Structure formats: structure tokens, C-alpha cells
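Note that chain A is present in both complexes that follow, paired respectively with chain B and with chain C.
This part shows the complex of A and B:
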């Protein structure tokens, strides 16, 4: 056991460093203005397509499907489009590229934990994406569709907490799949598999609520539901009262479990590390 | 450029690409498989919608499956053969596009061959499977005319999607950072075509269906071949317009590409 004062200073220095890394990452993401605008455009177009289909489904079933109205479903479509970049549905190949090319060696030399370094990078970028790619599709969706808004002001706060947890779960999923590159040497295959699995089971193609009962149960038992479906459950008020606590607990549980899995993988990968390249 | 020689060259370039991808075998197979998986999951989500609403504006689930196949098979063909033009943006950004212009072959031809990726074939197989199943199960008396329209629709659809790839890739000659916007037309167009056009709002339909003219890829031919419900009241002989529209879209796309190349200025450093 070390001196408590020294430990405190260390934790402080570590946190300062993490905040610095996240800030730089936020700044870096904010430089690609044209790409951001193009991304918002695409996300919104897909939002319109998905909302149209879902609203049609609700209208054809007498206004409500599985307890959701047409405007709830349209809201789901635009919210989930807005979450794509925040939780990283399509992932981010930066770490797996660095492992593939061998650049990861530079990261391993740093006197900072690999996982925490990339988590800080992820969070910084996600914070930018939440503002730049998260809000616009919903606002643009509200022009043409009747959307549902949270019933209470405090739901916004709970929703923000839920989105942060969703983003961390998204990070852990991608961190684990990127580490698989150490064994597979090329990561594109696994990256794509993860993308499509996430897309389906997080509720990107269709809200999990519209799945058949058994499939919904399966999907909700997987970590991917924490990335898209659960935050929107809170936003729409589908999860209310004690269910909100349970929802957040589930998300937090996945964060801890998958961060842990990432650490185990990291320990075993760095033991056998074979650096590619010259 | 004489065609037999260029075909041979195309084959050799493709062969080189396939051999190089084959070096990372596990990755290649997982990529192929994941491309198939995305199509399967997409179709499953449509089936789940059909389970909730078996009657999509008068179209039966089998008819929707037919429409889905007619939207995705041509897309799969175009994706395999032409979506590689998407990589134009990377070449423009890296400055390697100059190299393509220096060679005595059309740049479009080169880029589609150099960036060819066999893994994209993974998307085609499940769509073909759905198509074969739908053709066998739809309530239609198949005759020469219907088969003819089907074949024409598949080919024209592949050309229309290819043209959309080319037109949207041309954007990177002006604004290289905005390349993602093109996905709204290509992937978005494919996604839109997977449901009957009448489920969309008026103006979405106007822009994507008739403006881009994606309706001619799957909705128009499916409605005619299946003699399905026609809530939009389309004229029954609209199918004859398909080849005309296809040629128009192709000419427009090649025009965009030509303009783009003329506008292209090499990047420095």
C-alpha cells in the first residue's frame, strides 16, 4: 500500500491526462466539417426512409404497434440515426488499423494504459458526434414527422446518462473486436461482422420492440441493446419508474463486464505481441 | 481501345485483385460471409415487418419478397462490378488519380478493375436465393413476356445502380470531403427500393422514386409482372419506359464523370 496522498496525486494526474486526450480527440473530430454535413445528410435520408416505413406499419395496424404510436416509431427512427456515430454502430477502424500496421507499438510504449487512452479518445469524439451528428437528424426529422418528446425535464438528464453508457458499451465492443486483430492479423472481416450484428441486435434495422417476443428477449439479453434500444426506451418513456433504474444498471453492468473482457484480451495479446511491419 | 484486348486486361486486373485478397484467407472468407449476413439480416427485418403487417398496402409477403429481390439482385451486380468507383475519392485525395489519367485507358475502366473486390459477391447470393424462391412462389402465370420484362428489369436495374455509383463518385472531383453524401443515393436508394413505393410519403416518393428514378428498378417492373395492387395508379405500360430511363440515367452519369475529370486538378504534395 502506498501513501494515500501520492495515490491521490496520481489519480489526479491520470484524470487530467484523460480529459486532455478526450479534448484533443473532440477537436480533431470537429475539423471535418464537410464530412460531418455529408454524414448528417445521409443519416437524415435514412431516417426519413425508416420513419416512413414504421409510420406506415403503425397506420396499417390501427395506429399502434406493440404499444408504440406512429410518432413514437418515427422518433425511434430519427433518434437511432442520431445515435449511429455517438455509440459507434459502424465502429472505428483506427485501433485495428494500428494493430494491423504495427503502429500500435507506439501506443504500447506510452506510459498510459492502452484501453484508457482509447476510451478517452472515443469519448472525446463521441461528445462531438453527439452535438454534430446526433441532434440534427432529429431536428430535421421533426420538420416532416410528428415526433414524441420526453414527458419530464429530468428524463433528458437520465437520457444523457444513458447515452454516455451506450457510448462506452459501443467502445468496449469495438475495443474487443479490434484486439482480435492481434490474432487474425487482418481485421476487416471481424469489423464488418460486428457492424452487422450490432446493427441488427442494437435495434438499428428495426426497433427490438417490433421483434417477435422470443427474439426480443434474446436481443435484450445481449450487450448491443444497450447501445441504441435502451437509451431510446428511456427517451420515449417505454421504460419508466423503476425500469429506468434497471435499464441504467444493465448498461452499467455491460460497461464493467466488457471493459473487463477487454483487459483480459489486452493482457493476453500484449504477452504474445508480434509487431507487423519493419 | 479495342474491346477483346481490354476485356483480357480487365480479366487480368481482376485476377490480380482476387489473388491479393486471397492472401488473407480468413479475412476474405469472413468478409464474404459478412456481406451475405448483412443481406440476410436486412431481409429478416423485412420479414419481421411483414409478420406485423401482412398486407403492405395490398401487396402480399411473397410479392414484397419478389420486389426485394428485384431491388437487391441488380444492386448486388452493380455493387460487385461498379461500386469500386467509390474509391475515386481516395485516389483524388492521395493524388494517385493522376496515375490513372496517364495510362492509355479510360479512368473509369481502370478504377473499376483495380479496386474490384470479390467479397462483394457475398451480397448477391442471399438476394438471388430470395429471388428464386419468390419467382417460384408468386401467384403469376409465367409467360415469355413476363420473363422478358424480368430479365430486362434485372439488367436495366444493374445499369441504373451502376450509373448512380458513377454519378455519385464524380462528386469527389469537386468536394472530396463530402463523399459520404453519395451513400444517400446508392445505399439509400437500395434501401428505399426494398419496400413498395406506396409506403413512402408523397415527396420522398417524388424525389427517390421518380426524381432519381429508382422506381424503375423494382417497383414499376414488379407491379407489372405480378399484376399487384396499384395504389399509385401508374399507367400499365410504364414498363416500356424502363430502357429509356436507363439510357438517360447512364448518359447523365457518364456526363457527370466526364465533367468531373475535366474539372479535376491534381492535389499537391
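This part shows the complex of A and C:
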């Protein structure tokens, strides 16, 4: 059992499975073309609205707010619009629906870890959303606004890593709130609360940089900042040098901590189902 | 492993705690015995029907056997494993089908779900290909293999579910109401397939159903459960001899006629041109009755009522 070859083969089989699940999830997401087109349209329109307001704010305070120029702020608006679906700002009700209807029982019959299964599903979908819903609003925004682009080619790579971590944090937040359905029976209340909290503290409503100092400190100490604000900090270069490493470390830290919390909740939910019958 | 039974339940009980409101803060704590001292064993390679009315404890038993519900008391072994403690390991060796739940991916074609299962169960590639090809052929999946599951009819989807549950060559298949809501043709396809799997692969099959036809056509042995207790455990042939031989022939004549007088049947009900004739299958046949009737009056329509499981259970209590 402790044989390295056997363990290696097992890890290989596990990774293959994760990739296969993610691939199918990607394909599934790609089936809804009309919804994707409509989503791009809405995201872009909101991008224009938010960018206009932020550019106006910058102009009326002499061109710069808290070290950000008008074009930085416009970039923030379009980047955050592009991240909505990738990090799941509005979440995803698939798992909580399965729990509410009891279909989750079927998932328990698979010889696969439930959390990893849903993570792979999330990542596959997020990969599709990054291409279909992430890039278009930014490109369309660049038509009318003067947007900021990363100073170095390698910043693009770091940014991609940061977005992947942001998406995993987004997953962990929704995984935990979906599991709460096991106890609350209905997830709509908690879903709305989480959506509001994420919208506010991730930096969707406003960049956290524009919050009052104390509130920005609070927001940056929470996991939600890892979903939107931190990747854009890297993209805009507001986090530079060792700050980049710190930013990524923070995101990775939240991933580990919240994946761990998810596992604890999952174990407890499974125990509840197994003992009380759901 | 093959020497011991595939499933052994010894004095299994499951008690749910139900709390009901009684005033602002007080709660009444009620214990509900869903399963109450059930014992039976299913040998490897057997095909057993597990019947009972709604709320009898069928699903609770199935959940305990498949490891997603802990028994409150008793001893349970499935394929030599403890179901709950070794759920993931057990999952590799069993297949589960729920008539009312799906394990297929809703937005993807069947073939995609099948290919994914190959990775889920880490089945050997050659074996997987062989199984997929065989099931496509036997269950006639060819025409709708690339249609998204959400566009399939219930019968088509059910055939997909069966395939999904059997692709990894499980030693035991547990089916919860597999024929519910299916039309006659799909029911037949499902039954024939299960019979073949059991006969040719030696797969142990345990199925719950409402449909007595399922049991009659598929199983050699049946169990009836009610109020959490096993009321009956015997061979289907013996059961039919003792309990299941009364049938009702519903006949609609061209005109309203007096209740017919026949040697081996009695008129149980009479309504306009329709008459309900109760007869014993061990004494006469429906065919014999029909030819007698046809000589008496012109017949417009005929049907035979099968006894319902609820009626049989009532009968068991009486006897």
C-alpha cells in the first residue's frame, strides 16, 4: 500500500478524473450560448455605467483618487465586471439545489470525494466563463475608455495565477454556504446574504481602495477581497514587488483555510445525513 | 467472498427522531421506527424483489444497505463490508438506480456520462469499451446516445441510468422503483435487461417495487415489508400459489345485461354494461372465461386487473 508506484498511479488517476470532470463542465457551460451573449451584454453595460461614474469621481478630485487615475478606475470597473462569473460573485445554486431536492444522495454513491468533484466542476465552468464572459467586457470597454494594461508580460502570468486562486476562493465560499442547506433546508436566504457580502467586501460595488481607511482594512482582512480586489491589484500594478508575493500568499492561504472549513462542514453534513436520513 | 451471502441483515432497526413543536419553546420528541428488527440474507447471484406499500420502510432499508444511512441497531454486511464505515469502498462494487433520481449529467449526452464513469470507477479501458458497446446494443441506446439527457423520454433516460449503474461491473445492483412511470414497452426492456445481467454476469439484484409484475417476471424470491417489519419472505412461485391467484376480469358488454352466471367466476361488481368477474387462476384461466362470455353476450372491451400490493398486504394481515 505504501508503495510509491501505487500511490503515484492513484494520484494520476485522481488528477485525470478531475480534468475529465472539469472538461465536461466546461462543455456544459458552453451549451448556453444565448445566455452567454446576454450576460456579456449586461456585464458590459454595467461596466460602462460603473466606469463612467468612477472616471467622473477621479476627474472631480483632480485626476487621481487614492493613487488611482481615471483610467485605472475604468480598468477596475471592466476587470471586475469580467471577473463576476469567473469567481462566482452571484454564486451557483446547482449544489444547494441538489441538497434541497435530495439528489445529492446520488453524489454520495460515487467513490469520489464530493468536495473535489464539485471543485473540478466549478473550475471547468470558470474556465469557460473566463473566456466567454471575462475577456469581452474588457475588450468592449477599451473601445470607449482609455484602459490601463500590465507593465510587464510576466504580470499577465501572475494575474492568471491570481484569478485561478480567486476562483477557488469563490468556490469555497459557495461550497460552505451550499452545505448550510443541510441544516437550513432552504438556501435562498443564505445565498442572498452571501451574494450581498461578496458584492460589498470583494470590491464589486466600489474598489476597496475607495472605502474609508478603516473599512478598507476590515475588507482586506476578509477572504472576499481575494476574489476581486486582489487580482486587480496585481493587474493594475498597485501591488508590486514583494507585495505581489504577499497577495498571492494571502489568496492561497484563504484557499487552504476555506477548503479545510468546507471539509469539516462536509464531514458533519454527511454524518447528519447518514444518521438522521437527511 | 462468494461463499458468504451478498447481503446480510441481522435484526436491523432504524429509528428516526422527529421533533414537533409544542408551544413556544417546548418540543415533543417522537421516535419513529422506520425499520423494526429486519433480518434476511441475499445470496450472491440471487434476484430478490423487495415490496411494500408507501412508507413501509423499503427506501430506509435500501439506504442502509448502500451505506448512506446508519442502522440504529443490528448487524449489517454487504459484500463483506460495513456499508457506512466503508461507503466509498462499497461504492466501487455496487450499482444503484433510483427511479426518481438521476446520476446522469442533465445537459450532456449519455455517452459523455458513460465516458466519465470510466474515470470515476477507474475501470480497465478494454472492459469499459466492451461494456459500453454491449449495453448500447442490448438497450438500444444507439439513436439517442448523443442527445442531451434533458431531452430524453423517461424510458430512454431509465435505460441510460441502468447502463450507468452497471458499467463498472458491480457485484450487486440495488434498484429503487426502476420501472416507476414507464410505459409497457420500456418496462419490458428494463426487465429483460435485468434478467440478462443477472443470468449472464451473475450480478446480485435487489429491487424495490410497487409493481407485482416486476417481481413475478424477474424474481424467484420476494420479501414483503410493512410498518418496518418483514411480513413475508418466500419464493415467488409459492407466493403465487398461496396468495396471488385471484384476478379480476373486467368485461364491457355491447348492451346492459344481467350479472352473468359462470361456474368458476363470481360477479363482484356490476355497473351499466360493465361487470367485474373475480376468478381463481389456479382453477380457471382468463382465456377460458372469455370464450364462455363470448358465447353468452357480445363483448366490447376486456381487461384484467392485477392485484395491487396494498391489497396483498391487507390479505396477509387477514390470513
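Criterion: the second predicted complex is superposed on the first by the 272 of 278 C-alpha atoms of A that agree within 3 Å, B and C clash if a C-alpha of one lies under 4 Å from a C-alpha of the other, contacts with A are read in each partner's own complex, and residues count from 1 in each chain.
The rule we apply is simple: contacts are C-beta pairs under 8 Å (C-beta built on N, C-alpha and C of every residue); 3 or more make two chains touch, one makes a residue touch a chain.
All values derive from a computational prediction rather than experimental measurement.
Chemist: Just from the overlay, do chain B and chain C fit on chain A, or is there a clash?
Modeler: Because the two structures are overlaid on the shared chain, the partners are seen to fit without clashing.
Chemist: Quick one: classify A:64 as touching chain B (first), chain C (second), both or neither.
Modeler: A:64: touches no partner chain.
Chemist: Scan A:28 for contacts with chain B and chain C and give back first, second, both or neither.
Modeler: So A:28 only meets chain C here.
Chemist: Now for A:211: first (chain B), second (chain C), both, or neither, which partner does it touch?
Modeler: Only chain B; A:211 stays clear of chain C.
Chemist: Go through the superposed model and pick first if A:13 touches only chain B, second if only chain C, both, or neither.
Modeler: second
Chemist: In the superposed arrangement, which partner chain does A:139 touch: chain B (first), chain C (second), both, or neither?
Modeler: neither
Chemist: Between chain C and chain B, which one touches more residues of chain A when both complexes sit on the common chain A?
Modeler: With both complexes superposed on chain A, more residues of chain A are touched by B.
Chemist: Is A:45 touching anything from chain B or chain C once the two structures are fitted on A? First, second, both or neither.
Modeler: In the superposition, A:45 contacts chain B only.
Chemist: Report for A:102: first if it touches chain B alone, second if chain C alone, otherwise both or neither.
Modeler: second
Chemist: Applying the document's definition of touch, where does A:221 land relative to chain B and chain C: first, second, both, or neither?
Modeler: A:221: touches no partner chain.
Chemist: Once both structures sit on top of one another, what is the angle chain B-chain A-chain C taken between CA centres, to the nearest 10 degrees?
Modeler: 90
Chemist: Kindly classify A:257 by the partners it touches after superposition: chain B alone (first), chain C alone (second), both, or neither?
Modeler: A:257 contacts neither chain B nor chain C.
Chemist: Look across chain B and chain C in the superposition and give the shortest C-alpha distance you find, in Å.
Modeler: It is 8 Å, taken between the nearest C-alpha atoms.
Chemist: I'd like to check the shared interface: which positions of chain A are touched by both chain B and chain C across the two complexes?
Modeler: Of chain A, no residue contacts chain B in one complex and chain C in the other.
Chemist: Could you please specify the touching residues of chain A with respect to chain B in the complex?
Modeler: On the chain A side, the touching residues are 32-35, 37-39, 41-42, 45-46, 48-49, 52-53, 56-57, 60-61, 65, 144, 184-190, 192-193, 195-197, 199-200, 205-206, 210-212, 215.
Chemist: In the complex formed with chain A, which residues of chain C make contact?
Modeler: Listed in rising order, the residues are 14, 16-17, 34, 60, 63, 66, 68-70, 84, 87-89, 91-92, 96, 98, 101-103, 105, 107-108, 112, 115-116, 119-122, 148.
Chemist: Under the touch definition given earlier, write down the residues of chain B that touch chain A in their complex.
Modeler: Contact set of chain B toward chain A: 24, 26-31, 33-35, 37-38, 41-42, 44-45, 48-49, 51-53, 55-57, 175, 177-181, 183-184, 188, 191-192, 195, 199-201, 204.
Chemist: Report the residues of chain A in contact with chain C in the complex, numbered from low to high.
Modeler: 13, 16-17, 20-21, 24, 27-28, 31, 102-103, 105-106, 108-112, 273-277
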